[in-house]
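Chain naming follows the written order as A, B, C and D, and within any one chain the residues start at number 1.
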Amino acid sequence: MKLVTPVSVPVLSVRDLCVDARTPEGRRHVLKDVSFDLNPGETLCIAGESGSGKSVTSLSIMQLLPKASLQIASGSIKLADRELTNLSNRAMRSVRGGDIAMVFQEPMTSLNPVLSIGTQLTEAIREHQVTEGGKAETIARQMLDAVHITEPGRRLTQYPHELSGGMRQRVMIAMALSCRPKVLIADEPTTALDVTVQAQILKLMRELKREFGASIVLITHDMGVVAEMADRVAIMQNGRIIEQGSALTVFERPTELYTRQLLAAVPRLGAHAGTDGPPRVGSEVARGEVPDRSPVLLVRNLNVAYGSPTRWLFKGKPPVSAVTDVSFELRPGETLGLVGESGSGKSTTGKAVLGLIPFTGDVVIDGKNIGGLSARQMQPIRRSAQMIFQDPYASLDPRMAVGAAIAEPLIIHGLANKGERDDRIAELLRRVGLQADAASRYPHEFSGGQRQRICIARALALEPKLIVADESVAALDVSVRARVLDLMLELQETMGLAYLFISHDMAVIERMSHNVAVMRAGRIVEMGTRREVFESPKDEYTRALMAAVPIPDPRARNII
Amino acid sequence: MRVLKAMLRQPAALFGLIVVVAVMAMAIAAPLIAPYSPDNQMFDGLTLEGAPMPPSEQFLLGTDTLGRDLFSRLLFGARTSLVIGLVANGIAVAIGLFIGILSGYLRGIVGNLLMRFTDLMMAFPALLLAIVLAALLRPSLWIVAMVIALVNWVQVARIVYTETRGLVERDFILAERSLGAGHFRILFMHILPHLMPTAIVWGTLGIATTVLLEATLSFLGIGVQPPQPSWGNIIFESQSYFQAAPWLVFFPGAIILLTALSFNLVGDALRDILDPTQRGRG
Amino acid sequence: QDTPQQGGDIIVTYKDDIATLDPAIGYDWVNWSMIKSLYSRLMDYEPGTANLIPSLAETFGVSDDGLTYTFKLRKGVKFTNGREVVASDVKYSIERAVNPKTQGPGAGFFGSIKGYEDVTGGKTTTLEGIAAPDDSTVIFHLSRPDATFLHVLAINFASVVPNEAVEAAGGDFGKKPVGSGTFVLKDWTIGQHLVFERNPDYFVKDMPYIDKFTVEVGQEPLVALLRLQKGEVDIAGDGIPPAKFLEIKNSADGPKMIVDGEQLQTGYITLNTKVKPLDNLKVRQALNMAINKDRITRILNGRATAANQPLPPLMPGYDKSFTGYAYDVEKAKALLAEAGFPTGFETVLYSTNTDPQPRIAQAIQQDLAAVGVKAEVRALAQANVIAAGGTEGEAPMIWSGGMAWIADFPDPSNFYGPILGCSGAVAGGWNWSWYCNQDIDKRAVAADSMSDPAKVAERSATWGKIFTDIMADAPWIPLINERRVVAKSLRMGGADNIYIDPTRVINYDAIYVKQ
Amino acid sequence: MALLVLRRLVQTALILLGVAAITFLLLYALPADPARMIAGRSATAQTVANIRRELGLDQPLLVQFWAYLQGIVHGDLGRSYAQKTDVGSLIAARIPATLVLMAAGILVEVLLGLTFGIIAALRRGGAVDRVVMMASFVGVSAPQFVVALLLLYVFAVTLGWFPMSGFGTPAHVVLPAATLGILGAGWYARMVRSAMIDVLNQDYVRTARAKGLSSARIILRHALPNAMLPIIAMIGIDIGQFMGGVVVVEAVYGWPGIGQLAWQAIQQVDIPIIMGVTLVSALAIVLGNLVADIIAPLIDPRIRAR
């Protein structure tokens, strides 16, 4: 592999970086000889397998590796000509946030739960730019505006748990951008965002680059985004950079097998135009013709409002309606794709449908109206209806080994005895593309994508009739994603599973759905078969969505 | 086994473990080790003026104000104090955990009632309860242990309550609910492990304080009755002698401290070993 | 050696707060001496002695049958509110002490006054037996001869108080005392201090000596002593805690700081005559021989002497020749065997739980063990021990320490009734041996009616015999006579016996500051 | 809003009522007889009976309790048996001193505990950590009486920096507050350390560091509030815990607080005073917990939502 000759002095230069993980079983290499340069004003996209070391690379640069378990074994990281690996903590402080800013992969756990969004935003601004009190606030509001968060004024006073996943991610981005860093490292910054917002964010990053000459390291698995943004691309696998080159070269003349597989697996919007259902994956296995076509999920006039009931001396905030008058139905063997703006109420709908949050209206699962059921009464229903949560890290018990976490549903519902259980776990892990040894590790020892797969495995363990999948493949690299999606389709074919599939990735929705619903501001603005919605969108917002989908081809870049 | 092995790898924990085992062995083997009977008020154990004797060859750690051998009393006192420190304190922590976790988790009437009950118990002067029990029951080691347990669980409950309230809001609990896990499972498989650090801190710090509390109870007349020695009552009986006979305060104080510290070292190690997010630390 | 001087402020400390300064109510050894100094009574004692002298009374006379006492009051004595003390005040004050509404503990002392039962029974509030024919004459009519009556008129409950001040205080007289004593209460900051200043109008010239004394309360004895050594405190009222005693005693200034003297006190173990096997005389005698009293005085750093009879040595009637039961383990064992307990028995020994009582109880326990008696020690709060003692069949043995008997007035009769007589051997009584010997009771009544002043010596001897005869029944193990120890600063003057005044504890009237 | 305050007040009142009832019951279950304690040894059985009647002790328990409650409603805590004075005024005279002592004690323990807990957490496993934890252990396991006397001996007697005894000036409060605070500081240091270690491992602390914030800000603004939750609850508990310590500390330093009053009252079975002190301290504890319950949601918005 030949390195691209730098045009000028690189702002960031990583040489032969090796990172080891300390585990009870001894040291394990996580990064091996990672080298790359980042030139001024350049965007380097790092793509690659989930768990290949992308996040670890970025954390190494920031000197933020969890010291307890990960350590830089050798190598150098240079910012201009400052060596970062042995910089004092104090000196590193001014580098962080000021010179290099970072957007972390998991937005929920990365925001401080007890501080308001406003505080968290303004403190970085105050730290790095000398501003008077009022001004930081103004900048913060502008930044929220820039990442297209509605009602920025109100958001500043809200707390992380009151925001949707996508909104949290945008807050993270706003936070990173607010100090106009020289280098921006963004780890999957748009995973949780719908394409229109994603487009805007990408635009914002490009502007930053243009206006301030910032350089960007963008970690993403979305080859569309890569194609749109990258000047250069690095592909990682197994802790190494296996291929590196200009965007055009990598996209058009990939040398490595993995890269080629990766590109081949990229879904393209419109690939399934003209068909009604998702493609069959189960070759000739007869699709279990489900005789009973009565809906497995029936939703009528669902309304959800957030707000706190008044408790003790505190007056609750006035309730905010998150979902308004949502109705739909889902039959066995069908997938309803739910797309829409971030914060439009998709996750809320998903949770309400499973009775995890209070709602009004009717939700009928498998013929039973779940309104007002007690936890005990819900138990049998839980078996047939499962959810894969949007934020995988937060939804795993940090103190429970992954194997045990997957075994949970089996134990709860009394399926499989102990012996069978281990086999089931191994089987489930294999199916989502994880090694069997993952069972004995803990959630924090996994990469974002790996955690997401753990959550999928957990939901599948019960073989439910209905799965609410909330951005379930968002953090997966395309190859794994394709595998997981195939798995889901296969299960649907063999077992007649129904999916409520929440995603912002239009290509994925196209691939998975029979029907599609588009949400905006708590309402379904358009609903129909996939073909109707994709090929002749009626709502203006739907049309905007379609237009914003990035195309995985650097030549087709719409904005430079 | 894994836990034990991990523990043996850490010097501090190893030290703690050794001391803990040693103290327990001392307590069990007290009659074999003790040079004198713990209750023997020896003629030459007091000066002619009636002052206790400082440490010497004859009396390793000196004598107390009745001319008894302090070393022998400390050995036998270990039996009492270990029961108090481990059993009484252990029960208190267990009750506290149980009530605290339930009141923090359950909403509605039951949770509220539990917490108000805890509030009531907390607002109630514990010592008064002890005094009344002293008058109504015949004080014995086990009754003392029971009283201490009844008095001490309240604080643990309160702390656990607050922590549980925070934990319940975490997403993984929601996820667990969506899997259909019952309250029991959520409480004991998912919330409880997160409370272990708190339980361990209270469990180990509580050893020293309960041992001393026993002494306070002695003073109120509900402690173990004389002449049965306990570390607490040895120190309490002679605390005003800190100038005149410092060994009477120093040695029992040191052994309480050492024991509590050792339990704590073991507890800390245990906490780290049980906490997966701390895995890999040396 | 040095002569008393006028003037000076001193500081006195006590651990316990002063409960009340109402003479009809106050009955603990801390407020006892303060009440003594705030009020005056018809009779009083010569400082440091047990010798009765008239005080508010100028003269007095007793009728031949011993039933009528006539007192002539001193003229011109004023309460500190300015009003003159008259005979009706005496009558009022004693009636107040007897009246159940007052809830005073001292009513019983006046039991020999005619009409006593009517007042305590609630029929009337005036005592038929007290008359005040004119402002300076008080006449007492007794229903039976009472040899201790003059002593009774000298105890605090007989202090004279002004009616109008009691009423003005509205039930809080104990906090707003008005009397005609040597001192006046100037300030009382609850929980902190009480300031007493000299009464300039006191009817005895040049009394008291000091101008002022401040009582600081809530002072831990150990700390009070440290302060005394630093010169911040003049009298540590609670004495010297065991932990400090030897250090101070053996220090250079020690002898000058310690006042150590005998008091009218006996510490004893009650042997419950209604509980098996203590109902057996031989057993009680054996136990009397089993205790090594010398070792116990050693534990107390020599601040006590071994006792062998109920009366303390200072008390009239004490029999110096009486030997009691000598310490003899072998004989004790033999007696026990004779009584049918060759291997001893199990029993329970109660004690209060403040140092050094549990230690003494343990020493007793060890001695009992030596003769085969296994006694379980129960060290309880004082109130619980009192409750156990007063419940029939409950407490086999009680070590009286802490509640040991201290005489209210220096007369042997005071050592009998409640603690050894039949009247005390009732539920709720203080006769914890439950010892009731009708014969002795009769002898006691007879001795008390010997009110003829000429027969004082004979009466004392009669009493002395009563107590030594009681010892034949061995309801007690008289253990020790504890001496009282007070610590004072070097500048304090006055003989030792006014710091451990037999009737006052500390005699504030008589102490003075040197230089 | 007004309704909610009312509700909380009603709850407080109920708790106090519960405390009063239990205390009353317990005190009357005691074999000790207050009338006899007042009467002393020389009193005749009749005197004792008279006193008992005058105190109303011969009435059935319920009647007595009812009378007591009626008194409370009128702000009357009854009259002390031994002192024959209004209990309310006795307590009122001593409450300020105890409040000062407690406030100072809490201040000491929170300041010491937080500082050292944080330092230990930051230097986890290092020498500093070890020393701090050892010290906290000494603090926790040292009997308060001994600590009080030692401090007094060193700082008042030997060095003469502070007065030995009394109340009034700021100098007077230093040693008592230190004694009271040392034990709690040990606890706090442990709890804070433990909570801090937990919090410092959280992702959001990583975010804060990524922003380049100063360590001070990361610790104080980001980590501490999260670690404070269990600590806040402790402060509520402390008030109850202190009641015991207050007795000892007040005794040693001659501090005119209610601890001494309570102690003496217990010795004398002065039931009205015991009741009064119990109620007052129960009120303090309930208020303490209330404050903790109010502060917790102020710190953690997630609790607020419930």
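The criterion applied here is as follows: contacts are C-beta pairs under 8 Å (C-beta built on N, C-alpha and C of every residue); 3 or more make two chains touch, one makes a residue touch a chain.
Source: prediction; values computed, not measured.
Peer 1: Taking the mean of each chain's Cα atoms, which chain ends up nearest the overall Cα mean?
Peer 2: D
Peer 1: Name the chain pair with more contacting C-beta pairs, choosing from A-B and B-D.
Peer 2: More C-beta contacts join the chains of B-D.
Peer 1: Can you give the whole-Å distance between the Cα centres of subunit A and subunit B?
Peer 2: Each chain reduced to its C-alpha mean, subunit A and subunit B end up 48 Å apart.
Peer 1: State, to the nearest whole Å, the distance from the C-alpha centre of subunit B to the C-alpha centre of subunit D.
Peer 2: 21
Peer 1: Distance from the CA centroid of subunit B to that of subunit C, rounded to the nearest Å?
Peer 2: Going by mean C-alpha positions, subunit B sits 44 Å from subunit C.
Peer 1: Mind checking the centre-to-centre distance between subunit A and subunit C? Centres are C-alpha means, answer in whole Å.
Peer 2: The mean C-alpha positions of subunit A and subunit C differ by 87 Å.
Peer 1: Indicate the residues of subunit D shared as contacts by at least two other chains.
Peer 2: Only 30-32, 149, 153, 201, 266, 300, 302, 305-306 qualify.
Peer 1: Multi-chain contacts only, two chains or more: what residues does subunit B have there?
Peer 2: 131, 135, 169, 240, 242-243, 277
Peer 1: Counting only residues that touch at least two other chains, what does the list for subunit C look like?
Peer 2: Residue numbers touching two or more other chains: 222, 381, 384, 387.
Peer 1: Would you pull the subunit D residues touching subunit A in the complex into a rising list?
Peer 2: 1, 4-5, 7-8, 201-215, 217, 221-222, 225-226, 293-294, 297, 299-302, 304-306
Peer 1: Which residues of subunit B touch subunit D in their complex?
Peer 2: Residues in contact with subunit D: 107, 116, 119-120, 122-129, 131-132, 135-136, 154-155, 158-159, 161-163, 165-166, 169, 197-198, 201, 205, 208-209, 211-212, 215-216, 235-236, 239-240, 242-243, 249, 253, 256-257, 260-261, 264, 271, 277.
Peer 1: Could you pull out which subunit A residues touch subunit B in their complex?
Peer 2: Subunit A reaches subunit B through residues 21-24, 68-69, 108, 161, 351, 354, 356, 375-376, 378-379, 381-383, 386-387, 389, 391, 394-401, 408-409, 412-413, 442, 444-445, 455, 458, 462.
Peer 1: Any idea which subunit A residues touch subunit D in the complex?
Peer 2: Subunit A residues touching subunit D: 62, 64, 66, 68, 89, 93-98, 101-102, 104, 106, 109-116, 119, 123-124, 127-128, 159, 161-162, 172, 175, 179, 308, 310-315, 393.
Peer 1: If you look only at subunit C, which of its residues touch subunit B in the complex?
Peer 2: Residue list for subunit C touching subunit B: 222, 241-244, 246-247, 295, 298-302, 353, 355-356, 358-359, 361-363, 365-366, 376-381, 384, 387.
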